[in-house]
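What follows is a pair of complexes built around subunit A, which joins subunit B in one and subunit C in the other.
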Partner chain A sequence: MLRLENVTKRYGVGAFGGRTFTAVRDVSFEVAPGEVVSLIGESGSGKSTIGKMILRLTPISEGRITLDGADIRGFARGRRKEYYRRVQGVFQDPFSCYNPIFKADRVLWMIKEEYFPRVPRAEWDERVESALRAVRLDPGAVLGRYPHQLSGGQLQRLLVARALLLDIRYLVADEITSMLDASTRIDVLNLLADLKTRGLGVLFITHDLALGNYIAAKTVVLRRGEVVEMGDTEKVFADPRHPYARHLLASVPQLHARWDGEQEERYGGCPVHEDAAAPEADGRAGPGRLVEVEPGHLVACTGPEGGCRVALARGGPAAAAAGGR
Partner chain B sequence: MTTPDTEPSGAAGTAAAPGAVAPAPAAAAVPRGALAETLYFAVRNGKLLGGLAVFTLLLVAALAGPLLLSGDPNAYVGLAAQAPSAEHWFGTTHFGQDVFAQFVHGLRSTFYVGAVGGGIAAVIGMVVGFTAGYRGGLVDEILNALTNVVLVLPALAVLLVINAYLGVRSLTVQALFIGLTSWPWAARAIRAQTLSLRARDFTDLARLSGVSTWKIIVREIAPNMSSYLFMTFILLFGGAILIGASLDFIGLGPTQGISLGLMLNNAAQWNALHLGMWWWFVPPGAGITAIVGSLYVMNVGLDEVFNPKLRET
Partner chain C sequence: MTLRVTDLKVYYKTLRGEVKALDGVTFELGDAEILGLAGESGCGKSTLGKALIRMDGRMRLRGGGVELDGERLPIDDDAAMNRYRYHRISLIPQYSMSALNPTRRIGRMIRELVESRGVRYADVEEELLRRLKLVGLDPDVLSRYPIELSGGMKQRTVMVISTLLNPSLLIADEVTSALDVSTQKAVAKALAGFRDRGFVKSMIFVTHDISLTYQIADTIMVMYAGKLVEKASASAIVSKPRHPYTQALINSLPEVGVRYTDRRLSGIPGAPPSLLKPPAGCRFRDRCPKAFARCAAEEPPVTEVASGHFVACWKG
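So, the complex of A and B:
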């Protein structure tokens, strides 16, 4: 189980880091083996930062991330490889993931050098071949080529193959399809679904709701670094409660609809405090706190800035000002 | 160097450009592969070859000359203030020293200062630049502060102070001093390059592969800027020679031996210009100009070789 507990990330900004910017605020969710969780949010919502924290590429400011109960901060220095043997990532831009002056299969060779220095060459070649076949790549077409000689889809699948060479249990897939064209995109998505059936936990980071809906069992909607709604994908997609999630779903272009110039509908009100379905939530919730509105479906209070009258009344003008960051 | 397109892919793209002007077979002959392609353009670059020829000629003179003209270059070997002749190719000084012997020995000292001073500066610049650029954060701030301090250090004043303490100064001390004071711009330039390369995903991927920090810098980042590093070294080399000559000329040079800057210093002190002894100050001046000039012309040539956008048809 890969679990995030109240994870917060702050960056120092300004000349001497005097001011701080909170990229991720108090985020908690988990990814189980054999489960695809999609993390949905607009640009700048902190979704890639979460991916980077899980991959230990950026330090966590507060809270903790655990892998099977062990804090991942413990996998420092000598134990770093131990962690990366189990958790791997694939990034958005396949062209930027390859050092342009070396051949593309160097990413696979790096794995051998670091993790399997004693494996004989012949056996390693066999492993590479089977990993490539698992991602439906023809070994002859990709080995020994330079990155610019391969397509984005091939490069992206080569990166997944690289992850498969290790005995990974969790994969962070950060926008891995956004640089691909539509036909290769579905291939890569099916590949992820395939990995899921092999017991791999996948965190699928995307801004594309349709893709999230396609493969994920659970959905986490992120806005400005905070989780606004999360739960089983069917429940979140069928009955979005938070105004932002509703807005997000309503703004997906439909295949058979055309833009008609109509103004977007305003969704008002706090889903926690003004929704009759969850009146008992009143005592527990503050701005940004998640409340379970039905089994397996959590929604956040919008807080004063979102127009929640309860939060406004309770916190007064001071809280409203603090919330209106 | 900042986008993947300008790397080999871009190089391959523009490699076909000569074909537009040159006969078609020449374009077809451009070899594939980064190294072969670089060599292909290197041996066809006039600036690079010209600079290299002048530089090599002077280097050979510096290495071989003192062996053939063994003995003390400062010895009094002939009549004073003789114009160039068959016996003394570059004439003699006010004291009857052979100017040609001084010139080849001086060349050797000059190359020595360039190589050692430039080398030390390049090593410090790379270590500081790579570390600051890659590690970032507090390490970056500290190293940056250090770089800026050394950058604004008045080298001349420091040297005067050092002179007061060191009675005898050797070439090595001079080279060390130059190396220790001339690295900051290199560090800043390398830091900036490292910052941009570090932001690329392949360094993250290398980290995910468990590759150690130094291995990432040496094997992922540095190869991407190898041409840049090479040119940095050339500029530091030329710069060290110039600084060395200037220090010699104002009398802060080595107290023993000879160098091109010391020759100029002597010539100026004994009024060679007013006495019409042009053979005393022209060779060292021309020598310094030729070395540094050839290095800078080579630098421009290398820039054209490494950067596809600058390649002429």
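So, the complex of A and C:
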């Protein structure tokens, strides 16, 4: 289980870093083995920052991230490799991940030198072949080629194969399909779905709601570094409660439905308050607090601090626990 | 008819020979029509957009021609085209974020721009302010530097500047691909609004995103490997595509309103052919599930299978 607990990231900004900018605020969710979780947000929502924190590419300001119960900050120095054997990332631009003057399969060979120096050559070749087959690449078509001879989809799948050689448990996929064409994009998505059945947990970071809807079982919607809505993909997409999530969904261009006329969503009112209206309820939630509106569906309260009364009592004990976080 | 493109061939000169990026494309664009130009990378959609306004140094016109409002355009003559650029044909570039001069306040930049085209700034100022307001920008942006505006604001500013002289043809090349979904919607709607208000007579909206094109375009033209494969009304392309490529492309798009519990979408196996030496016959045949002997031997002509529905396929 890869778990984020109240993770916050602040950057120093301004000439001397005097001011701070909070890129990610109090984010908690988890990725289980064999599960794809999509992290959806627009630019500046902090989605990539979360990916970087998981991959230990940037330090965490507050809160913690645990891998099977162990704080990932513990995987420092000598234990770094131990962590990267289990958690790997693939990023947006496959074209700039390769050194153009070396053959593309060098990324695989570097894994061997770094992590498996004692594995015999023949056995290694077998492992490479099975990893390539797992990502549906023909070894003959990609080995020994230079990056410019391969397509974006092939390069991206080669990077996933590289991650698979390490026998990873969790993969952070940060916008991995946004540079690919529609016809090859779907193959990479299907590949992630296949890996899921092999027990791999995937954090799928994207700005494209349609892609998240396609492969993820769970969805986390971020806005300005805060989770506004999260839960089972079906529930979040079928019945978005938060005004921002609704606004995002209404903006997605769809194939068989045109955008509505001049209807503009407004931010206002509290989605939780509206939907679970029970003024006599004694539970209260502050802005940004997640409240469980139905099992497996959490929505952030947008009401003023302490001013939004939510029917926690009626939502059952699970809702009360979520609201009290 | 605003624009008539006849058998247009534009090749790129490279050290290894000529890349046939646009290889005989014929279509017409009516008044007040928004044509969505869709296709994957390397299909020639941007080449077509560029050829209509400015061919860069590597592009060569190898046949065919372009007529705008009944007048033949000298598209291969860079100097002669100057008369048409901005006045009659205008462009919204892909990265409008970097299209604005960073060292000038926006108002001054616009003044220099229109004056360089022989138009007095005072004559257009009123209209400029009116249109900025229309796209939701404060006149205050004129006294700002580009760096002070957000991506969406810059995009809208460039849209207003590009259409200030009411061009006959506007080419919008991937204008929304760098924007977030909600900004994308605002920009696409504003573009359609420009057409409705007559700021532009007709528009070519180039994008790789068919779902987005469908939102604002009247007709959609799908290209593959330098060729037109299908052109029809937006709703026909999306709901009754005839060409196997269009069908596969539409079927590979995940949507938000659909549940995919066990159902898998499939991509298109293979890759487009090299355009240095494109194969004879249909260029899609290697990836096509319906290909048969004739596809390799003869190139399918573009035929009108229903009113306004053009398909280049032996089985379309």
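Following the convention adopted for this analysis, the second predicted complex is superposed on the first by the 283 of 325 C-alpha atoms of A that agree within 3 Å, B and C clash if a C-alpha of one lies under 4 Å from a C-alpha of the other, contacts with A are read in each partner's own complex, and residues count from 1 in each chain.
In the analysis below, a residue touches a chain if its C-beta (ideal position, glycine included) is under 8 Å from a C-beta of that chain, and two chains touch if they have at least 3 such contacts.
As the structure is a computational prediction, the values presented were derived from the model and not from experiment.
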Quick check on the superposed pair: does A:251 touch subunit B, subunit C, both, or neither? Answer first, second, both or neither. second
Given the touch rule stated above, what does A:111 touch, subunit B (first), subunit C (second), both, or neither? first
Looking at the overlay, does A:237 come into contact with subunit B only (first), subunit C only (second), both, or neither? second
Using the superposition described at the top, determine whether subunit B or subunit C touches more residues of subunit A. C
Can A:138 be said to touch subunit B (first), subunit C (second), both, or neither? neither
Across the two complexes, find the residues of subunit A that touch subunit B and also touch subunit C. none
Once bound in the complex, which stretches of subunit A touch subunit C? 42-43, 151, 181-187, 189-190, 193, 207-211, 213-215, 234, 237, 247-249, 251-259
Contact set on subunit C toward subunit A in their complex: 40-41, 151, 180-182, 184-185, 188-189, 208-212, 214-215, 238-239, 248-250, 252-260, 264-268, 271
Contact footprint of subunit B on subunit A as seen in their complex: 55, 57, 80-81, 84, 88-89, 91-93, 95-102, 107, 110-111, 114-115, 146-148, 159
Going by the contact rule at the top, pick out the subunit B residues touching subunit A in the complex. 4, 7-9, 12, 34, 200-202, 204-211, 220, 223-224
